[in-house]
Structure formats: structure tokens, C-alpha cells
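In the two complexes below, chain A is the common chain; its partner is chain B in one and chain C in the other.
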Partner chain A sequence: MKSKALIVTGVVIFFLIVLFPFWYMRGKAAPVPEVELTPKAKAAQKCVRSTEYMKAEHMQLLDVWRDAVVREGKRIYVNPEGKEFNMSLSNTCLDCHSNKAEFCDRCHNYASVRPYCWSCHIENPKEKS
Partner chain B sequence: MNLRYIVPLIAVILLFLISYLGAQVSGLQYLLGVVVPYLAIITFVLGFAYRVINWSRSPVPFSIPTTGGQQKSLPWIQHSKFDSPANGWQIVVRMALEIFTFRSLFRNTRMKLTQGGRLSYQLEIFLWVGALAFHYAFLVVLIRHLRFFTEPVPFFVQLVENVDSFFRVEIIYPAFKFGVPGVYLSGFVLLAAVSYLFFRRLFVRQVKYISIASDYFPLFLIFGIALSGILMRYFAKIDVTAAKELTLGLITFRPNIPEGVSAIFFVHVFLVSIFIAYFPFSKLMHLGGVFLSPTRNMPTDTRARRHVNPWNYPVPVHTYDEYEDEFREKMVEVGLPVEKMPEPAAAKTPASEPEQAEEKE
Partner chain C sequence: MDSSRRRILRLFGISALALTTRPVLNAFAKEEQTTGAEVVIKEGAKSLKARQWAMVIDTRKFESEADLEPLIEACHKIHNVPALQNKNHEIKWLWGTHYHNAFPGKAARFLAEKVEHRPFLVLCNHCENPPCVRACPTKATWKREADGIVFMDFHRCIGCRFCMAACPFGARSFNYRDPRPFIKETNNKFPTRMKGVVEKCNFCAERLAVGQLPACVEVSNGALAFGDLYDPASEVRELIRTHYTIRRKQILGTEPSVYYIV
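Up next is the complex of A and B:
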């Protein structure tokens, strides 16, 4: 009988651990982050690639850009539509999306992603320079 | 060809196809992304509780702890505390070592005849290494996934993420790009370990002989889960925010299917749901069973304490004491030795008494 109480306690503890997200969230809705577009980004209407592509692949695109600029000295990116862009996080991306806190950080925090872009790049070049 | 692994392989491929094709239909997306996961969680909880409570009801007829060392004995004989535990806390230590470090797998030996014809035992630790890698990688992967089920994400999840993505691997070729977002080591360790555990069953003859479909099925399923996870993180990238919106919806009981969740995500969720639902009815229940194995959690005090079989029903017994009480006078009359001398007869045979006492001891 002593062991039965022990076993039931163990099962309860196990379920507390396994169902952690349920009691951690307590059923309260977590707001889905909404990215805010600056007037300039809205006016441009289209990023260097389509929205779906950017949502999933922007980190890889930036990585490819970095390698192209730093290692090969190529600075011009041509997108599938044939439009040319300067490969630069600070001068191209952050030019339109100058609101890092409302644009980048919201989703990054939501998805618990801590990109190392910002360990070199200052948050908003316009403000600092 | 061996049906014992072909059938589970086909089963997992079918599950993949069902979920992949189902994800293309918007009505089935709700089924795959909401209904099936909920059913799976309910099945897991009820099934797990049922199995463990059922185990707790079963009697333990014999004291059957496995010993790996000297049992507690005379004070001058060294007691091997954690291999032959004698009390509660020693059992706790033994169980903890078993659960966290898989000591019984570490003890695995391989018997071999040397060229000289002598029998030798070699330490065979590959299974132990593979099992450790597999289980700890799986644990890290599970903890990491809490980022999809909590908001804000707790600190320990972020800590595990940081440690797991310690090595920065970035491979960028026009044809092959890998490494962004940061590479989580645990996913690849899991994939490698599950592959090892599969190939072990396939290529070690003795293990292959005892492997059945229910051994292969979880391995294929975990392989599929790890592969689909790795695919959607590094290769066929998905919209993570939408994915988290879906999973958080499940946790907060506000299920919805956001726009732009790709098919591979539904494959991953479906395979995980099958895994969770299958869990209580399979060998995977060793998660709960390891705590309840009598060979591990019983004290090796068989010489110090009598283990009474709970199955024992009352048996009419006639003990020797009762027998002697009944026949004492007659025994003394014919000169049979007795344990207790009857009072009046005690004076008649004083000389034989010490002798009998010695015999008894």
C-alpha cells in the first residue's frame, strides 16, 4: 500500500512535467505578433523577394549576402524579377524596416530566436550616425 | 527481405503519405493539426495512467532484485551499496544511476572464444553509448520544443537552445545552403543515434533474431519525426510564427489553423501524434516501467527479511511445535529427542539435555 501511494505520486509528478505547457499557459491567449511596416516599407510594397519567401528564408538570404559581400566583394543582388539591390542589412533592409523593435524583434522574441546580426550591426544606423 | 521490418517501414511511409496528402486539403488540415493531436494527448494521458496503475496492482510474488555486488552481510564484509542496495536511499541512488546513466547497459559484455580456446568476456559499450546519445538528444529536443508551446519562453528553454546551438556550422554553396538558422546539434545526434539503433537490429545477428515489428516501428517513426523536423528547420523552411500560432492555439484551447503552414509541418505533427498515441501501448512504456521493475527497485535483503508472497492463501499447517505438543509424551516414552522436555519428565533424563541442545544449533 505504501508503494501504491508512491506510484500514484510518481504518475502525478510525471503528468505535471509532461503537461507543463498547459498549466504554464493556463489557457490564456498569447497574442500573435504583428509586424509593423513603416510608411516607406508600405510604399515599396514588395521586399527583395516575395513575403512568403522572406518569412521563411530571410535569415539564409542575409547569410548569403554577408558571404557574397565579405568574401567575394559582390554588392549587387539581382532578384528573380531582375531588380537590383545593394546587399546590405544596414542600408537596404533597415532602410525600409527602420523599426527593428516592431518589425524584427516581435517575431524573433515570439519564436525565441536570438539572431547574432545585432552583435555587429547597430540597431538602427539612421539613429546612431 | 524481412517482413518484421518491412511492414513497419511501409506503415510509417503510409502515415507520411496520409498526412502529406491530407495537408493539401483545407478541411483535413483541421483534422491533422487539431483533432488528431488532441486525441493523441488524451490517449497518452489515459493510457499511461492505466498502464502504470495496472502495474501497481500486480503482486510481486518473489523478491527478485538483480544483484551486481556483495549483499549486506557481516560488518567486516564490504557491502556494495548501490549494486546490492539494502535500504530505501540506496535503492533511490541505484535507480537514479540506472535511469540517468543506464548502468545495466554499460555492463553489457560479449562472450568470445579466444584462439587458444579460452572463454573471454569483452566490454561491449556501443549499445550504451548509442542509448545515452539517443535518450539525451531526445530529451534536449523535447525541451527545445517548449518554445512552441509557451509564451513567454521560459529561461531554461532558452538556456538549452543556447547550449544546443553552441557550434555554428554554416555551409553556403549555390546548390547547398545549410546552417541558418543556427544548427541544433541534438536533432542530428538523435537522427544518427536512431539510425545506429536500427542498424544494430539489422546487422547484429543475435539482435536481429529477437527483433520484431514493434521494435522497428518506433525506430522508423522517430526517424521520420527527426527527419521531418530537420527538413523543415534547415531545408524546406516553414513560417515559424504561423507554426507557433497553431501549437499555442492547441495549448491555450483556442485551436485554429493559421495561413501559410506548409504540408511538412502537418506531417511532423501527425507523426508525433501517432508516436504519442502509440506510446502507452508499446515498448516505449519503459519510460514508466523502469521505475516499476522489481529487479531494480527491490532491496537485496533476502537473507535479512522474509518476502511474503501476496498470492499466498492461508494453508492449514501443522508446525513441528504443534506436532511435538501433541506427541511429546509418546516421543519421550520411546526415547525420541524432543525440543521441550515435559515438566515431570525433565528430571528423568538430565544427561541427554545438553547434547540435544548442541544438535539443535
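Up next is the complex of A and C:
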């Protein structure tokens, strides 16, 4: 029982350290990023799927595309509206979204994810040609 | 004491059960979403098909390394193959070599002069019994059932190089360095590779998918033929029927799909 004071102090210090970041950053949530669309993306009006779907599921979509193209040799995607797309990150997605820094990166940085798609896929097919 | 412990355990049990219900419900919800939208994934209408793609190389039409250059150039350019000068780091999809390197075991001490000096085009043979596929621990390389192409999934390759050790033809190259700075002119339609993956000729699968023949065949002025090995009416079968052809290291039993007219 003698060490009660010591234990209480220890617990208090522990909580202070753990909670410090929350206190320090209180009310300062990082602003939700605004992504920019290229004129081409704007003109198209609609992506392969709805904006909500793309926001939430684009990584799953790309995963399905990759497996279909690489593993099964199927390269055409027909969306629910019946429109056909070439399932290609380089030639379809990045053709419209050729502004990686203002489009992909803004959200990825906010969400702290670091996809390595661009180690191989060329980021803005137009500019570098 | 005992009864309270039992109560706590029961509480834990119920909580655990409650926690597992959410993902299950979520899964159901998701299924509904995806089945609602009708998405179709299919092959392109123009894609070329075969049971086993094969190539016939008429070596009589190549006299010097310079004759091979346009073919190699065409292949390496569209596939973003880097030009590394260091022999140990070199990346090759298509290249030329001497008869006695291409066909060891078939080279006699003295050879016909024209064969001795002729360069031989070599590439991945898309073997029918590919040892590289058996060696790969991740299925990053495999034989496509639809058309017999021995394909690479660069996403999945872990760079262990077992396939390179297994391939008796040296058809595979490893990226010891980031290849991007060494690509002279980037083809934006095709990805590059990254450090740490293996690459090789893909029989131009991306061109076959849109109805085009391989790039090297296209620029060869008829010296290279491409077609289905199992279609008796195909151009490759016609050439094999009417010419004496040999294959590389046939004795190893990998069943190469590249035939050479000597």
C-alpha cells in the first residue's frame, strides 16, 4: 500500500502522455482536401462509375481491373450504363486524371496512404510524351 | 469469486458475438450493392486467339547484327525496356547471339560459314512445359491457358529470381536498378518496371488483345512469322511443314514455341 502515491502518479503521467496529442491538436482537424479535375475529366462529367462509388471503391475497382487484365486477359469493362472502357490505369484513368499532384496525391496524403502504382504506371501520359 | 468470474466470461462471450455481427451484416449489405449494378468484364472484340502462339524465325534473312537492330529497337521501345550498359544489369527481351550460344549441343566444331557468322534472334520461347513457371513461388509467372503465353505479373513478382535460375535460355532479366532513368524514349501507353522485378518478352499480349501482331514480327519484313501452333492451316505450321526447323535445347523437354529455319 505504501507505493500507492507512486502508482497514482505513474498512471497520471501515463495518461498525460497518451492524451497529449489529442489536447495539442484539439479543434485543428486537417481540412478535407479538395481534389481538382482536369478540363478533360470535367468535360466527361461522369467517371467509369458514379462519383460516390469511385470515392469509396476505386481501389477495389482497380484491383478487379488488374486481375481481369493481367490474369484473365480481359480488357474491356462495361459499366451499368452500358459504356465500354479499356481497363487500364495508364491509358484510361490517368488519361483524364493527368494531374496526380492535385487529384490522387491530395486525398492519398490526407488519408496517409502511399500506393505505389506510379512506380511503374506513368503518371501523366500526356505531358511526358 | 467463482460466480463473478463466470459472469465476466459470459459478458466477454456476448460482446465478442456482438462484435462479429457487424462485419457479417456489412458483407450482406455489400453483396446487395454489387449485384444491383450490372457490370460486364470481357475481351476486346478484335483480340487474336490461338491455342498456343508460336513464332518461326527465318534466320537466312538476317546477315548481320545490324539486320536485327530494327526488330530489337521496336520491341524495346514499345515495352519501355531500359538500355543499361553494364552487362550485369542488362535488360533484354529480344537480342541476337551466335549459333553456338543459341544452339549448344547442335554446334559442330566446324560450321558452314554463313551459319557461323549469322546472328540468331533469341527471346522467351513461351515453352509448352515451362520450368520457370514451376520455379515461381508466387505465381507471378504462369502459362496462360487461353493462348499458351508465359506471362509475367509484375505486381506480384517478389524478385526472388528462381525463374531466372530455372530458365535454360536466359530469357529473363532482373531489374537490379530503377530502370526509369535508362529508358531513352518512354512509351506512355505501357508501364515501366520497378527495381526488384523480373521481366521478359510477353509475346506482345497487349497487341494481340487489340488485334495486332507482335511488334518484332511487324517490322521484320516477313522474316518472322507468328501464329497458332495447333492450327494446321496457320502460317507457322505451313512454314514448319515446308522447311527444316530447329528449336533451342529441345533435348531439355521444355518444348519451346519458337522455331528456327536455318
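Throughout what follows, the second predicted complex is superposed on the first by the 115 of 129 C-alpha atoms of A that agree within 3 Å, B and C clash if a C-alpha of one lies under 4 Å from a C-alpha of the other, contacts with A are read in each partner's own complex, and residues count from 1 in each chain.
Note that contacts are C-beta pairs under 8 Å (C-beta built on N, C-alpha and C of every residue); 3 or more make two chains touch, one makes a residue touch a chain.
The structure presented is a predicted model; accordingly, all values stated were derived computationally and were not measured.
Student: For A:Tyr77, select first, second, both or neither according to whether it touches chain B, chain C, the two together, or no partner.
Tutor: It touches chain C, and chain B stays clear.
Student: Looking at A:Glu52, would you say it contacts chain B, chain C, both, or neither? Reply first, second, both or neither.
Tutor: In the superposition, A:Glu52 touches chain B alone.
Student: Give one of first, second, both or neither to describe whether A:Cys120 is in contact with chain B, with chain C, with both, or with none.
Tutor: Touch status of A:Cys120: second partner only.
Student: In this superposed model, does chain C or chain B come into contact with more residues of chain A?
Tutor: Counting contacted residues of chain A, the larger count belongs to B.
Student: Per the definitions at the top, what is the overlap between the chain A residues touching chain B and those touching chain C?
Tutor: 64
Student: Spell out the residues on chain A that touch chain C in their complex, using ranges where they run on.
Tutor: Residues 49, 64, 66, 68, 70-71, 73-80, 87, 90-91, 116, 119-122, 125-126, 128-129 of chain A touch chain C in their complex.
Student: Can you check the complex and tell me which residues of chain B touch chain A?
Tutor: The contact residues of chain B facing chain A are 44-45, 48-49, 52-53, 55-56, 146-147, 149-154, 157-158, 161-162, 170, 172, 177, 179-181, 237-241, 244-245, 248, 251-254, 258, 260, 288, 291-292.
Student: So in the complex, which bits of chain A are touching chain B?
Tutor: 3-4, 7-8, 10-11, 14-15, 18-22, 24-25, 27-30, 32-33, 52, 55-57, 59-60, 62-64, 67, 107, 109-115
Student: Sort out for me which residues of chain C touch chain A in the complex.
Tutor: 37-44, 47, 144, 146-147, 151, 153-155, 186, 188-194, 205, 209
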